[in-house]
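In structure tokens below, several structures.
You will see subunit A twice below: alongside subunit B first, and alongside subunit C after that.
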Partner chain A sequence: MKSILRGGNRVLISKSTNVYTNLALERYLAENIKHQPKTRLLLLWRNQPCVVVGRYQNPFAESDIKYLSEKQIDLARRYSGGGTCYHDLGNLNVTIVTTREDYNRKKNLHWIVNTLNEAFNLTLHVTDRDDIFLDTFKVTGSASRLERLYAYHHFTLLINSYLNDLRRSLKSEDQMKITSKATSSVRSSVLNLADRNNSITYEKTIALLIEKFFQWNNEKTTTSCDYIDPLLYYEHIKDFENELKSQKFLYQVTPPFVYTIEHEKQPIEISVSNGIITDIKGNDSIIDKKNFLGQLFHGVYHNIQKLNKT
Partner chain B sequence: MMLARPVCLDTLLRCFVLPSSFFRNTFNRSSINQFFPIVSSSFSLGQPTFTIPISSNNVSTLYFSFRSFSISSSRSSPVVQFKLADIGEGIKEVEIIEWYVQVGDYVKQFDKICEVQSDKANVTIISRYGGTIVKLHQNISKTAKVGETLVDIKLEHDLDVLTGTKTATIMTDDTFDNTVYKDSLANILVTPAIRQMAKELQISLSDIQGTGKDGRILKEDIIRFKSVKSTPSKFSSGTPPPSPTAVKQTSRLRPTPIPTSSSLKKVSDHSLTKSKNDRNEPIQGTRKTIIQTMIETSSIPHFTYCDEYDMTQLEKIRKQLKNRLDNKQKQMYSYMPFIIKACSLALCDYPILNAHIDSKCETIAYKGSHNVGIVIHTKHGLFVPNIKNVQQLSIGQITYELNRLQELAQNAKLSTEDLTNGTFSLSNIGDIGGTYTVPVVLSPEVAIGALGKIFRQAVPDEDKQNSNESEEYCSSPVHSMMSVSWSADHRVIDGATMARFSNQLKFLLENPLHTLIN
Partner chain C sequence: MSNLSSFLVRRATQYYPIRQIHLTRCFYNQRYFTKKHEWVELTDANKKQNEVRIGISDYAQRALGDVVYCELPSIGAKFKGDDTFATLESVKAVSDCYMPVDGEVSGVNEKLKNEADLINKSPYENGWLIQAIVDEKTTNDITKNLMNENQYSKFLETTEEAADH
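What follows is the complex of A and B.
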């Protein structure tokens, strides 16, 4: 157990494809590893189809919640900020964990760009917003979290994801109905790396990154690379995992917002705070407030949808 | 890279505080951890975060009960503004996402204050101070600029000096601070009654070795500690020629005269009659900063060049001036102002010695002004303030400045301005005693000199060497010689440069008229 928490330049690849498990593992490692200055930890992971929203986002504004539940696509909220992304097995997640002082997002991204361009003959570039673009298409979204003793920067890499599913999942009709101060995603057209160079596969990419990672950090060998089965550490990560799965964290942590619907041609404004409907503004005669006030918004969401436009 | 000057500042401030409030601070921290283990853990990093809305009608019981236990000092404590510090990455403003505290909450150092977000990076801002939140200055979802105030904190004691600056910095070197603290606190097992007793007796619990179960501190331990403490036992500084030059020593080390054989005997007698307890002292504050600096300085390749300067002429001049001016001014003319001025003159010819080098060794920054730093030993610690623009000052003005800095140092009232931007340093170890040493360069400077004591030495007169062949009848005049040790950063300074500089200085000091003319 202890050896998993040692510091230094290391690569860990998660055997799990459960988004909650992986997010919990990421946080557990970031918080507990004895990070040494000037060294980096590289975490590589991928998930079964899921949508991951940023810490301060509104899942209703970012994705089609109904579609997600129909297709049994998981919805998760991560601990770092930023925007929403769609994960599936063709989308590689990369996390680089360092001490707080060594945090440098641009360095990480430039390393990736250089490595991939060189190996796969691509023309990737890093933008001002710390995204990686291939021409006009986005292939990477980044987010980071800076705590006192550590900081991590994670990003996705579209290798050969199902882009149709991606677009469908991230399409939200509620976007127009929601007014809030939550972080809203900046949408971009996306592209898979494999679309540009069809020899690129997930396996090749991780092998490349592992080798180059150790070179980047001036390590002579690649022996500090392990597969990690999060199940073995279940006891340690279960608190995080349970939190990530909880309705509370998924829905109630959303910053306060107002959801406007149209019922019998009149607007009705539903104020939600901490996931609970705190106020409804509108013509009192048309809507029976009792049914909704004090309820969890995501619990009565279905009913609200029914009211809308009827 | 840590600059020596800010370290000095920390040293200054921490040394100022340590003797008076250090023990009290330790006591309070440990008591807080003991009394509020549940509450303190809720502020730890490991716990899930949840939104605390600003709206006042949602008061969680956790905070309510916390407030009722708050230990706020009854004497008037200052309210400090905790500002948003630079987060890095060129970020100038952030969005406030979440508050982790409310007005009235008690926070410890390192507790979470709020969460901010800037273009996809979320940062947890932690408190630099311990105290009560008096006011929240920012609103959720609003932008705050770096440098703006986040919260007002009423400190639990007037220990704002302990933390140095007043901005919220994401602690870097203090991570070491925290772990040491935790360890020392975690080991202290003591009942509230004993804690109170220790407080009244002004004893730091971390100094006491507990003899009870699990290392618990008992009443007897305190009584025994007190009686041991009251007998003089501080002879521990007995390391031979200390290399005190330049870099800081512990605040407890006073400039003691070189122990004579009789006083040494006293030491051994003393130790035979009274058996001392072992004592563990956690390394905190000043000492830690010193350790850090030492580690960093050790990576600089040094070389040392030594010589002896004939101070006879200077001695004569000093006597003359002293007699003349004693009536008018109270200022004591020591050799230092002369030496400082002479150094500056010599630096004009060897400007590379008055340069700064960055930690990556990419640029040599030749500095225009000669800001000569002087190492001053005080009871508060060791400081290296510098006299600015020595090249423009007369010796009289240098003397005035030197006296000013010395007085401020003795009272631990040196300003940041005085302690920063030095370009060249001198250490007078001669008044303590000692001849040659290997001084340590004060990064980012590249050279430092240590002036040994002036001793009388018979120097064969070279002019008369040939004429006087009889050895019995050899009368050599007695000169006052001062030993000097120069150290320099060998990455940028070569031996020849240092040697030539030293020769130049030697000439100027042996022929003081040249110095005075300029």
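What follows is the complex of A and C.
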């Protein structure tokens, strides 16, 4: 049981494909591993279809909430910054955990880019915003969380995702209705690595990353590599997992925003703070304010949509 | 009154009382720093309660890059020294700010809600984060336990050297 938390250069591959479990596992490991200077933990994971928003984003502005629930695509908020991404089994998640002093996103990204370029004959490059592009197409972004003693940097690699589902899930009709200071995503054209070189698979990529990770960190053996089943650590990760799944963390921690709709050509402005409707500007004849004021926005979202349509 | 003379009068009344208070003179307007790059300074030497203003250093804002979002605590929240009191997002990275001392939040910089980048533009003035009430003992501890500007710039030189190796 203890060995999962030992420090040093290590690779862990999660056997779970549940986004909440994996985000909880990532946070648990980052917080509890005995971090040693000049070493890295590489955590590899992937999820069933889901949309993951950044810590200070508005899920209504970033994704089509209604479509997600119809298609049973999970919605999650992560602890790190950055923009929204779509995950499925063709999108590999890479997390690199270090001490706070050793945190260096550029180093991590250049390692990945050089490794993939060499192995698969690609021309990936790292941008100023710490994204990875292939020509003009994005294959990943970056996000990170810095804590007192440790930091983690994570990103995905689009290997063979359903890009139509990605585009559809991230198409928000609410985007234009929302005014907010929340972090907004920079939308980019995306590309699967496998579409450029069809020999690239999920399995090949993780085998490559494991091998090259130990070389990068000057380790002679590749023995510190383990597949882990997060279920075995449920007692340790359940608090994070419950928080990640909670309506509170999904919706209520969204930065304050104003949601503007039109009803019979008259505007209605709904102010939301901590997920709760705090103010409504609009004609009383078109909106019964007392039914909405003080309510959770995500709880009455459906009713608000009805107002918008009639 | 012309703009200039009214400005000068305001400046004079702003600073005049300070000269009267000998005990806190050294402390007032002097910024103290933590190793985590937060700063703290006494806001008003005249108040009975000791109120401090807290922010992050110029070095910290440069290391973070452009701050795009700033989550601040609510007024009345109590923190122990080293607790997380604010969280910033900059260039896709989320990082916490730690209380330099024990204190109770008495004010937050409302401007940051719409202009988080004030932290970058003016880390010591317009980009302050919170104000907090601290007790007398804590006020004394600030001068004892934290670094003054000279000590902090020396500290930065040694950390930067360490990072180069």
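Keep this in mind: the second predicted complex is superposed on the first by the 309 of 310 C-alpha atoms of A that agree within 3 Å, B and C clash if a C-alpha of one lies under 4 Å from a C-alpha of the other, contacts with A are read in each partner's own complex, and residues count from 1 in each chain.
Note that a residue touches a chain if its C-beta (ideal position, glycine included) is under 8 Å from a C-beta of that chain, and two chains touch if they have at least 3 such contacts.
All figures in this text were calculated on a predicted structure; none of them were measured in a lab.
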| item | value |
| --- | --- |
| Subunit C versus subunit B on the shared subunit A, clash or fit after superposition | clash |
| Touching partner for A:Phe249 - first (subunit B), second (subunit C), both, neither | first |
| Which of subunit B and subunit C A:Leu116 touches, first, second, both or neither | neither |
| First, second, both or neither for A:Ser142, with subunit B first and subunit C second | both |
| Between subunit B and subunit C, more extensive residue contact with subunit A | B |
| First (subunit B), second (subunit C), both or neither touched by A:Ser80 | both |
| Which superposed partner A:Arg129 touches (first subunit B, second subunit C, both, neither) | both |
| Contacts of A:Leu170 with subunit B and subunit C, given as first, second, both or neither | neither |
| Stretch of subunit B, among 23-31, 167-175, 437-445 or 455-463, that runs into subunit C once the two complexes are superposed | 167-175 |
| Footprint overlap on subunit A, where subunit B in one structure and subunit C in the other make contact | 54-56, 79-83, 101, 105, 129-130, 142-148, 181, 183, 255-256 |
| Subunit A - residues contacting subunit C, complex | 54-56, 79-83, 101, 105, 129-130, 141-148, 181-183, 255-256 |
| For the subunit C and subunit A complex, residues of the former touching the latter | 36, 68-69, 71, 89-96, 98, 113-114, 116, 163 |
| Contact footprint of subunit A on subunit B as seen in their complex | 45-46, 48, 50-51, 53, 55, 87-89, 97-98, 110, 117, 119-124, 126, 140-141, 170-172, 175 |
| Sites on subunit A touched by subunit B in the complex | 31, 54-56, 79-83, 100-101, 103-106, 129-130, 142-149, 181, 183, 239-240, 243, 248-249, 253, 255-256, 273-274 |
